[in-house]
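Naming follows writing order (A, B, C and D), and every chain is counted from residue 1.
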Amino acid sequence: MDSEKDRLNALKEDAVQGFTAHCGLEPVSLAPGQFITRVRIRDCHLQQDGFVHAGVMATMADHTAGYASFSLVPPDQRILTVEYKINFLSPASGDYLECRSRVIQQGRTLLVTESEVYAIRGEEEDLVAKALLTMAAVSQEKTSRP
Amino acid sequence: MDSEKDRLNALKEDAVQGFTAHCGLEPVSLAPGQFITRVRIRDCHLQQDGFVHAGVMATMADHTAGYASFSLVPPDQRILTVEYKINFLSPASGDYLECRSRVIQQGRTLLVTESEVYAIRGEEEDLVAKALLTMAAVSQEKTSRP
Amino acid sequence: MDSEKDRLNALKEDAVQGFTAHCGLEPVSLAPGQFITRVRIRDCHLQQDGFVHAGVMATMADHTAGYASFSLVPPDQRILTVEYKINFLSPASGDYLECRSRVIQQGRTLLVTESEVYAIRGEEEDLVAKALLTMAAVSQEKTSRP
Amino acid sequence: MDSEKDRLNALKEDAVQGFTAHCGLEPVSLAPGQFITRVRIRDCHLQQDGFVHAGVMATMADHTAGYASFSLVPPDQRILTVEYKINFLSPASGDYLECRSRVIQQGRTLLVTESEVYAIRGEEEDLVAKALLTMAAVSQEKTSRP
């Protein structure tokens, strides 16, 4: 039995619930320290000018980086987002958004991660947002912030 | 007729559509350079640990600051989020979230804004997120980023 | 003997050494969770357009917030800057810069802080930069990042 | 005569003056949209624990990204730092710091850039800081912020 593979599959499923299910997030692939997700663009994702709302991209950038981090910590730890910064590079429209996140540094408690969000239409993709994020790994029992 | 008041009322209505309607955003009060919004917390806003997802708070922080900025620019301009940074201070739960945003500096094109998100339960409120954001005012015709 | 006061005075002195001495940082006042510092503007602080270099303001914003954090943790802990974000609001010039920092949230390991940098000329002051910063408290022995 | 090459050489020289000269910044190589700089680590760069002060890394990250941006705009424009966010990944020590910056998106007025700072000791290099920055290109005559 491949327990690492089982763990990654369980995390992929766990990633879609509550708000991320509400946003239509779909996992694409999860490897240790790397996660890719997608959202098919629908009217409920748009803002007042007809482009995808920055909040959808920010939610993807944060959540995808969070589960990329999850894949690197022991099963009895959970991941909290400490903070992030995101730049919006182009108005986003198309068939779907794809977010690619990776952990760039893992400390004892903190993980620094990076997310890139692409808008994809047919064969073309356009980098629409880039984020630099800090995650904290805390034991399951603790409910307070690190 | 009070055209300034009409404009603010129109902006308050305009603020809820597409993704922000999907998230349950409600305007509370809008004054020049200041906007307050609320979201009643429901299951669709939660993350894997039962707290409000960071994406809900980030969407509020961004959108509320965006419309606080809208209130300061001529009607033929629209507001784009250039970038923001947000810190999450406490796990958020309670009856509803309230976001209070204000413009701290207005330049020719760029507006620097600040948002504070509070989780409110009964009479108690808790600062759960703080953001520092950069907005750009662009003329309606332009579809590209500044 | 007032050991709290002694501790704060020792921290104020400790704040000026190495790079901050090189930058001309001067402590103004330190209270628990709050620190104010100054830099008298000289030619060595300027950038190519004759304004104060962003690096001077960033160094002040970071260092002043760091020692505001120091004042809240046990003497056997030290403070590391995890990350920060800073907006530059106006070109800075004048007699001196003053940075006012405060801790807005203290967790078990992480402290979230805020810094405002003012350019002061005679009686006038102008907010020239604002930062939102994350600090980590670690025990003296540990040399690695949290 | 290669005017592009002359322009890049002039920018490389221009990059070291005032505060960056005070910090010991040295240009390494400048290509359109990409700049590399170094600082030989000296005692005047250190903080209270004997590591390089975050302010030195932030100044490099900002300034190197600024001149990477300069290389892409017409000669009658200058570059202002709108804001940046920087994560510190490891305590920095060694022989020198090297900062590698590149422009990841150029809009009409705003340029989004990225900087990585490495600490180099002998043959080894360690990524010690990463930044995501927003620059604005403004015409020489304007002295106010965009």
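Heads up, the rule we're going with is that a residue touches a chain if its C-beta (ideal position, glycine included) is under 8 Å from a C-beta of that chain, and two chains touch if they have at least 3 such contacts.
No experiment lies behind these values; they were computed from the predicted model shown.
Once you count every C-beta pair in contact for both, which comes out on top, B-C or C-D?
C-D
Take the average of all CA coordinates in subunit C, do the same for subunit D, and state the distance between these two points in whole angstrom.
Their C-alpha centroids are separated by 22 Å.
Using mean CA coordinates as chain centres, what's the gap between subunit A and subunit C in Å?
Comparing mean C-alpha positions, subunit C is 33 Å from subunit A.
Could you state the distance in Å from the CA-based centre of subunit B to that of subunit C?
29
Going by the touch rule set out above, which residues of subunit C reach two or more other chains?
Counting only residues that touch two or more other chains, subunit C contributes 82-83, 85, 87, 89-90, 105, 112, 132, 134, 144-145.
Based on which chains touch which, is the overall arrangement a line, ring, star, complete graph, or other?
complete
Spell out the residues on subunit B that touch subunit A in their complex, using ranges where they run on.
Going by the criterion above, the answer is residues 14, 17-23, 43-49, 52-56, 58-59, 62-63, 78, 80-91, 143-145.
Quick one: in the complex, what on subunit D touches subunit B?
Touching subunit B: residues 82-83, 85, 105, 107-110, 112, 132, 134, 136, 144-146 of subunit D.
If we count contacts the way the header does, which residues on subunit D are in touch with subunit A in the complex?
85, 87, 89-90, 104-105, 112, 114, 127, 130-132, 134
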